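One chain, chain A, links the two complexes that follow: it is found with chain B in the first and with chain C in the second.
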Partner chain A sequence: MSHYSHKTTRFERNLATREAPWVKWTLLTLSLSFFVLFLILPLVSVFFEALRKGWEVYLLSITEETALAAIKLTVLIAIISVPLNLVFGVAAAWLIAKHDFRGKQLLTTFIDLPFSVSPVIVGLMYMLVFGANGWFGSWLVEHDLKVIFAVPGIVLATIFVTFPFVARELIPLMQAQGRDEEEAAVVLGANGWQTLWYVTLPNVKWGLLYGVILSNARAMGEFGAVSVVSGKIRGQTNTMPLHVEILYNEYNFAAAFAVASLLALLALVTLVIKTRVEHRASSHFNASHMVPADINTLSPRVVP
Partner chain B sequence: MLFNTRSFKHLALSSFLTLAAVGALSSATVQAQDKTLLNVSYDPTRELYQEFNPEFARFWQEKTGEEIEINQSHGGSGSQARSVIDGLEADIVTLGLAYDIDAIAELSGKLSADWQTKLPDNSSPYTSTIVFLVRKGNPKGIQDWDDLVQPGVGVITPNPKTSGGARWNYLAAWGYALQQPGGTPESAQAFVSTLYKNVVVLDSGARGSTTTFVQRGVGDVFISWENEAFLAVNELGPENFEIIVPSVSILAEPPVAVVTGIAERRGTLDVATAYAEYLYSETGQRIAAKNYYRPRHPELAAPEDIARFPQVNTFSIDLFGGWQKAQADHFSDGGIFDQIYGL
Partner chain C sequence: MSIEVRNIHKRFGNFTALNDISLNFESGQLVALLGPSGCGKTTLLRIIAGLEQADSGIVTLEGEDASISSVRERQVGFVFQHYALFKHMTVFDNVAFGMRMKPRAQRPSKQEIKDKVHELLNLVQLDWLADRYPSQLSGGQRQRIALARALAVEPRVLLLDEPFGALDAKVRKELRRWLRKLHDELHITSIFVTHDQEEALEVADNVVLMDHGRVEQVGTPEEVYNHPATPFVYSFLGSVNLFHGRVEEEGLRVGADAVPHTQDNFTEGSEVFAFVRPHELQIVTDTGYTQGVAAKVVRVLSFGVSARVELDGLDRDKDQHFEVELTQAQVAGLALTPGQHVRLVPSRLKLFDRPGYVSADAVSNPASV
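And now, the complex of A and B:
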């Protein structure tokens, strides 16, 4: 099989290089310069601006009290929202991929909702529900509960925007794997939990990890929805992305870029882990599932 | 097929440990003091209150022995007012124009409609005015409002429909035209209309306009609050910009109010009131002047800070019959601004 695929790619490469050399070079220069101009350069400039006034200013900007508070809040938000979405995502993906029920299509559509709604609208939605003039506003005030302009509101908004990441990552993977192993487990006497724990989850663990990483990156980087419900109280409800904007608006460019560089670093780390996980996942998948997956795609009962 | 791949376990464990460590770190800091105060303000007052808050906290502790933590929130004046209406628990609001606090009073009922009479000087402990920021050497020779309507002069000002600060700009131009010999509302409208034809970028907020003019280098003149202009010049290079003071301008009064409805419920009415009053004290006035706001009592501030403010003739919002009327006449939907800048 590998021999065959190797040959295919070589054939394709030959086809591609049949173009005149100038076409090849033009395309290469074009895509490379685009890549450098729009991806590498801005990223480098963030670090460049951050360090423009030297390491001392850089360290001071990220260890200053309000910056530290913003970093801690951002991490806290991620610690709360990511596990919740992990549990939800696994449950939803398991339901959708391994079971048939009424309204399944509807649930699948709803999971995608956060991707299609603008984050600012998400913030305003929560404002309408929990704000002082919202549906539960007066009740919340009476009971001295704070949702909007406090940590709970930021968590809610973050959960909403990161909702689909884990589920979206798992559903296609679980569907591709089919239900054969689960059915075998049930036949052998496993109950629902055992099936989930010993069969389903181990099969999707790399996909799961990937979903969690994406979800985490988005949770830490979310701006729009959080900015509406935050109230922007320094040291209290200011997350890192909001802190960057405020510093920038205060002409405090070095500090703004210093905090931004932390977010950029987070993105880079995410990228590295993602590449590693993808690599693991594909080798894992190839080793244990290539054959059953192939059979699945041939059989008439694929995936509903 | 259990979770027994070593690398996975390793990765999962290390990420969990990292998260746990950071979590422990952050939970340790969620320790609030017994009494807190929230001042919801607009964008350019950050430096001012950053300096004022610890001074007041010290004053309050000396006076009552009570420790107080003061929190700050900054944003566009209008959007900050909106947040307070939607439930942001501000004990004090310090916004860009009285109309925004009127809106809080009207829509949330958390402070009385006559809030502006509760403190001296229209509840504005400091004022500012509208000036021009030009590029070094003043290449277009801009001296007064008339020079802004000359052909070929690129003007930068934010949109008065969305920016509180920009309304002061607009009204300053209008007031100038109105006070010229033979000035009428019609001639003022014609003047302002020509002025806005020269506007090259109409940003939605004041800070956006500053960035457009200063960072992106667009336009020849930026109509700006005096304190913003000073800040921009000092922060971003005195070698690149100059401040030009027009012959006449508007007295911009950014007001201060205790949100009594919220402060009463939170039990902070006494300290919030003291906070607002302290802005009128020697300390408050000195800090305001240091941060380029004109103090109401210049004799209380440092003479060298006062010396930075050029003499300027001003008229107040009363020329327009107060903020409610100015808002209704000029900035409401279908108002005069819509007519001159409309489609």
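And now, the complex of A and C:
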């Protein structure tokens, strides 16, 4: 929120709008102590526990065979599910924000569904559909296809859980921008793809990137849905969050926290990128809405 | 290119935006669609462009039914009220957009595009802004770029939706004159939507007056101003004074007063609206005078070329206000003071029937019906 800082300062300096000091300090103390107690301290403790037995153990824990397999699988899942969600998200947002059709409200509700369904239920849903005793279970066995307890199942569960992130990020942005530019493009002869590619997407690129980052963070960190469908086969269907849980349950705390620290690092990196994107997006937004006050004096010519 | 719309109907839910509109736009003309907000003028423009679908009725462009062709195929230039410039592109890229979107076979070469863009930017006199972004331009400049962009695809017809609506009064006036000049050079059939009667009368060859989804009158600015066909047109084109009255043998009966009138195509006893423009009313200060409507002076505004006198009707129940426009010399001669009782005598009176009006006499004396 650094781009607002100059405004806040001016607001705060103004006697008429300034809160009493005790209000200010109480609020600050409250929020800061909450922040330290529930966010900073646990995060620091993860790194502390990870490095408690020294660097060697730490490195060994994350380069050990099953750990590497978990990291690879997690990255693979993200590489598959994030681009798919990018495409789905853009398509859904484009439909909802720029077109009118029957059942639009229903589609909007469906996009929010993954947010309201518990991830464990999501996993169970896929078990019921693709599991050995599920609807397609026997058909899948006949054709020697593995979905549950294999990579496809994990990908499906991850896509479901992360589905809303891109669309949810784009819909309000696209709606706020209206349809004027798209209409202008169409009147000028652009077809649907050209309009999407040259007009709509460039206008939402920062929001899109933001949605992708959030989607990626969730895809790599997803536990509940994945834990149901993965089967937790070490070295095969174990993602990083699942690997951490197994190590922890085996009282292998140093290794568990070492892998967990990687996820925490990912979270921190995501946070940094997200902040920068937000900053870029807001400065981009401000620039596009700022008209220099003296613009008319710049014009050397007058309309006849 | 000539444009014809026939029996266009359009509803939005329960709201009738267009009710059986049929119009003919001749080739090479600059036509204004004029009316208050919500009268359907923008909807009609968007239907002609193909951005909106009519519920029924057809649009023909040069005799061809356009209903089947998509927006892209209609080759119309559309200028939006809020410019709709592509924010992330430079002025040059904005103007070049239409040419770059053409299928490869029809697309001009890079050099041709470049030449054409500079030609158009010169036409709107903004060539020096080619590398700027829309956010760096003033409103008037943005609208001229939007116009250049629309012209880049060599449209057969130019449609402008409240093109000057978002600009301040001074820039509006300049751009208005400039648009007229541009049209005289290009002779491209143009329709523009406006709610500003001055703008429509000043710029257009023909004016289409619309209200509540209907066409009220079509004609040249002179025709619609001097011979308004309906009460709506009369009151929409400039300030008016309105009297409710009944036609009688000796003149028009307005409340307790009698006003002389010259229109003889109204039968005696018919209830009418009578309109008078502010400059068509005379103020008589002679207290012995019995003709005209009695009123009381409220305010005298004597600045500018002409002076305006604001008056109230004497009938308190009706809460009537009048406005009279006089020359400065006339006002000085009358020496009016606020509160003074005077009589208003119209030099020209325009009467319209009051449809569906039941006169007070008819109610109190049903036997006479």
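One rule holds for everything that comes next: the second predicted complex is superposed on the first by the 266 of 304 C-alpha atoms of A that agree within 3 Å, B and C clash if a C-alpha of one lies under 4 Å from a C-alpha of the other, contacts with A are read in each partner's own complex, and residues count from 1 in each chain.
Note that in this section a contact is a pair of C-beta atoms (placed from the backbone, for glycine too) under 8 Å apart; a residue touches a chain by one contact, two chains touch by 3 or more.
Nothing here was measured: the structure is a model prediction, and the numbers come from that model.
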- Message: With both structures fitted on chain A, tell me whether chain B or chain C touches more of chain A's residues.
- Response: B
- Task: Quick one: classify A:236 as touching chain B (first), chain C (second), both or neither.
- Result: first
- Message: With both complexes overlaid on chain A, does A:190 touch chain B (first), chain C (second), both or neither?
- Response: second
- Which partner does A:180 contact after superposing on A: first (chain B), second (chain C), both, neither? second
- Thinking of the overlay built on chain A, is A:202 touched by chain B (first), by chain C (second), by both, or by neither? both
- If you stack the two complexes on chain A, which partner ends up touching A:108: first (chain B), second (chain C), both, or neither? neither
- Residues of chain A that lie at the interface with chain B and also at the interface with chain C: 198-199, 202-203, 288
- Task: Would you tell me which residues of chain B are touching chain A in their complex?
- Result: 1-3, 5, 7-8, 11-12, 19, 22-23, 25-27, 29, 38, 43, 46-47, 71-75, 83, 85-89, 107-108, 207, 231-232, 235-236
- chain C contact footprint on chain A (complex, rising order): 180-181, 183-191, 194, 198-199, 202-203, 287-292, 295-296, 299-304
- chain A - residues contacting chain B, complex: 69, 72-73, 75-76, 78-79, 127, 131-134, 137, 141, 146, 148-149, 198-199, 201-203, 205-206, 209, 231-236, 246, 249-251, 273, 280, 284, 288
- Using the touch definition up top, name the residues of chain C that touch chain A in the complex. 49, 51, 71-72, 76-78, 80, 82, 84-88, 97-98, 101-102, 125, 128, 133-138, 140-141, 144, 149-150, 152-153, 174-175, 177-178, 181
